[in-house]
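First chain A sits with chain B, and in the next complex the same chain sits with chain C.
Moving on to the complex of A and B:
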């Protein structure tokens, strides 16, 4: 038997609210499967498991707030037979959406996604009245008891306040504990842009690459060479990471910030990186990130180019030890081969943890990043 | 005109005997004793022993005689004291009456009307108290009726006699003493024997029932209405062939159903109704349909135990609340 615990989904998380189970006792689960949805201060997160097994018992009921590390469920290893599979009690069977046939048909007619409707029926089943309520229609039947909340899609004012608090806690800790140093480097982008234009010429709009993908790939490759910038500082000790999982800072429409990970960014082809980036941004804004994406980033990249700032001196997201920033791409006077000209450039910045690395290594990293971006065809 | 269910049945019998000289009534104690439930009281004096015939205690014999009389051109009304005893005549009903039209290639039909009492609630113990209507509703070739109101008690016999095939009429023993208003004109009670009837309109759930459970379902609906829950009550009236259209029409409106049946749940008529609801109305359902049936025991003699074994208005109301989730 082994335990499935609530993981920490980021430095700013110390508790979470279990929203929904997606498995029930007796279910066989595989590595990487999402077992539960947990609400953190920032988002509703799909929590995955990292060992295959058979669910023995669900220990925490939905709508319970529990600290990180709490055992959520026990599982049997494959082949291990449970003494007895206990009943779930009041736990509703999860996985498939519980919705009455009439409610499903009405939701379809009204163009409502039933998954967004809170269910008030038996075991949280969605009824006709729930759908009509969600559509803002007068109900034809008596109002059922208070609905069971589901993972909200849009953020409430409450959630915004919580997210602000979570960011405040993480950033205060960062500025309190991490001795930051900052380096800046202006990087010419003429080659990168020319290459992008050519590469995109033959692609349908939906598959076009953005400069951001090139920047991320370049950062990932440069980091692979400078491991002191890629890892975690935990319990007074630095633990470098062999994998490069880039945390991508994504601002949410309703405010706030989240930095889910693009896993193994150094080894993925650009097209795939681009697809995954688009998917990550979409899901971050829809509030459906997976737990591994929230706690696995080994370094964070923030890109404030769209806002038009020249450069960013970022705050490291603990327990990471570095943050790479990009400002806006701008035409600047540029000297190349002794000739003054005009070239598109971007200011790349590095905020790094002085406990782990020194400015010298940081400078080498930025130089490597600059060099990488001069050979876009090798990215 | 204020009358009883029993009286309404007698009025219908009298009318049939007067209207058609081929009609006669036979059964145990229907003559001198006036019928076990006093339905045929006075008819022997009025119509004589040729047309109101007491029979020996042999269900198989006199039901068979009824089948023969019907084949011979008469219009027999055969009374079997209770459905429990009718099992002795099952061979004549199932293997003869129900099948003859089919087996003769349409050359013969059996215009027989079988009346029998059914149901519990009068402390008559197990062998007089069971509800086996569904056994008959299972058989192709017969029509099964269950008058639950005074008007239907008055109105169903004429169309049953007019039917060229065998018709079984179930009279719930608890309904005989039911009293109420019977319209003076036939317009008020004349009925077809093909359709169910909505006895109370409602929007939130449908109570589907028949016979002796109808008054209980109406009481439950009344209790629920006091709490603002509007329940539709559908009286099946015809147990075979079932009026599935009426069930579907009500479910399209209410989306939730509770079926009330004095039979045992396993293999019951309620089971058939729920199956049809699921087959036909699945996409109209907003909650799983529920059944309120008798406890799966032989109906007890003791009054309180008998009451506990049968569907009661409180249990029906509770089931409605359950399908509504309130």
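Moving on to the complex of A and C:
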């Protein structure tokens, strides 16, 4: 027998409310399967299990708030009760409604029974838009020319206050415990932009790349050479990570931010990275993330350039040891080969943990990042 | 046949609301740059254009982005494209 515990959901979330079980006793589950949905200040989190087994007993009832580490269920290892339990493999449990957490929450708020809503998502899943449609216009399924005004998703004052408290706790801890140092480097982007324009010219709009994808890939590749910037500082000791899982800081429309992980960003082709980034941003904004995405990021990247700021001196998200920031892409005077000209540039920054690395290595990392962005075709 | 400008405007606003549900559509100025009125990052903007492209079945090449600044300009552009 083994236990299924509520995993860490990142430094700024220490508890959650169990919303729903997706399995019942007797169900066979596979590694990586989502067993439960837990609501937190930032998102409804799909909680995955990391060992295959057969559910023996569910120990926590829906609507209960529990701290991280709580045993949610007990399971038998495969083979322990194999004779008694019919195998259902990777099939979702019978009777499970396929609905996104954001859609479920919205349906609840509107007093709609989700079971009555026709789903248009993957595999007939009910999406937020389906719920809105069901709420506003009972029978119609055509694209909405006259939208129903609606309040922002999950923007209750309580939730915002809770998220503020969660962010405050993690960032206070960071500023208390981590001796930050900061470095800045201006990076010319003429080559990256020209490459991007040419690459996008041949792509349909849904497959176009954003500069953000190039920046993320360049960071991931540069980090591979500087393991002292990629890992966790836990119990007074640094544990470098061989994998590069980039936490991508995403601002939420109702306020606050979340930085879920883009896994193995150093080894994925740009097109795939872009697709996964779009998916991650969409799910973060809709309030639906997986538990692994909230606790696996080995470093964080923030891009505040969209708001027009020149540069960012970031706050490290513990237990990580570095944060890479990008400011706005702007045309600036630029000297190349002794000639003054005008070039698109971006200021990249590094905030890093002095317990683990020194400014010299940090500077080499930024130089590597700059070099990587001069060869976009190799990203 | 080109689409009716009123219908196109409604589609533009509805698509915008799928990206930024918090906006007050009534307060938007159609003749002012959209991204100065609504907090849209480059991912939001791309998703907005993907939404329009899908709903209306038109291709929107990247070289046309600079024409797409205000709602009025978007409507004019989409009218040409659907015509």
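Just so we're on the same page, the second predicted complex is superposed on the first by the 309 of 379 C-alpha atoms of A that agree within 3 Å, B and C clash if a C-alpha of one lies under 4 Å from a C-alpha of the other, contacts with A are read in each partner's own complex, and residues count from 1 in each chain.
Convention: a contact is a pair of C-beta atoms (placed from the backbone, for glycine too) under 8 Å apart; a residue touches a chain by one contact, two chains touch by 3 or more.
Keep in mind that this is a model prediction, so the values were computed, not measured.
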Practice task
Based on the superposed arrangement, let me know which partner A:211 touches: chain B (first), chain C (second), both, or neither?
Solution key: second
Practice task
Could you tell me if A:339 is touching chain B, chain C, both of them or neither one (first, second, both, neither)?
Solution key: neither
Problem - chain B versus chain C, judged by how many residues of chain A each one touches - result: C
Practice task
Figure out whether A:242 sits in contact with chain B (first) or chain C (second), or with both, or with neither.
Solution key: neither
Practice task
Using the touch definition from the top, say if A:254 reaches chain B (first), chain C (second), both or neither.
Solution key: second
Exercise for the section: Report for A:103: first if it touches chain B alone, second if chain C alone, otherwise both or neither. Expected result: first
Handout entry: Touching partner for A:306 - first (chain B), second (chain C), both, neither
Key = second
Exercise for the section: Kindly list the residues of chain A that each of chain B and chain C touches, one partner per complex. Expected result: 129, 144-145
Completion exercise
Seen from chain A, its contact residues with chain B in the complex are 100-105, 120-122, 125, 127-129, 140-142, 144-145
Fill in the blank from the handout: Touching chain A in the complex, chain C uses residues 7, 10-11, 13-14, 17-18, 20-22, 25, 39, 41-43, 46-47, 49-50, 53-55, 59-63
Practice task
Spell out the residues on chain B that touch chain A in their complex, using ranges where they run on.
Solution key: 203-204, 228-229, 255, 282-287, 324-326
Completion exercise
chain A residues touching chain C in their complex are 129, 143-147, 149-153, 155, 197, 200-201, 204-206, 208, 210-212, 251, 253-254, 277-278, 281-282, 306
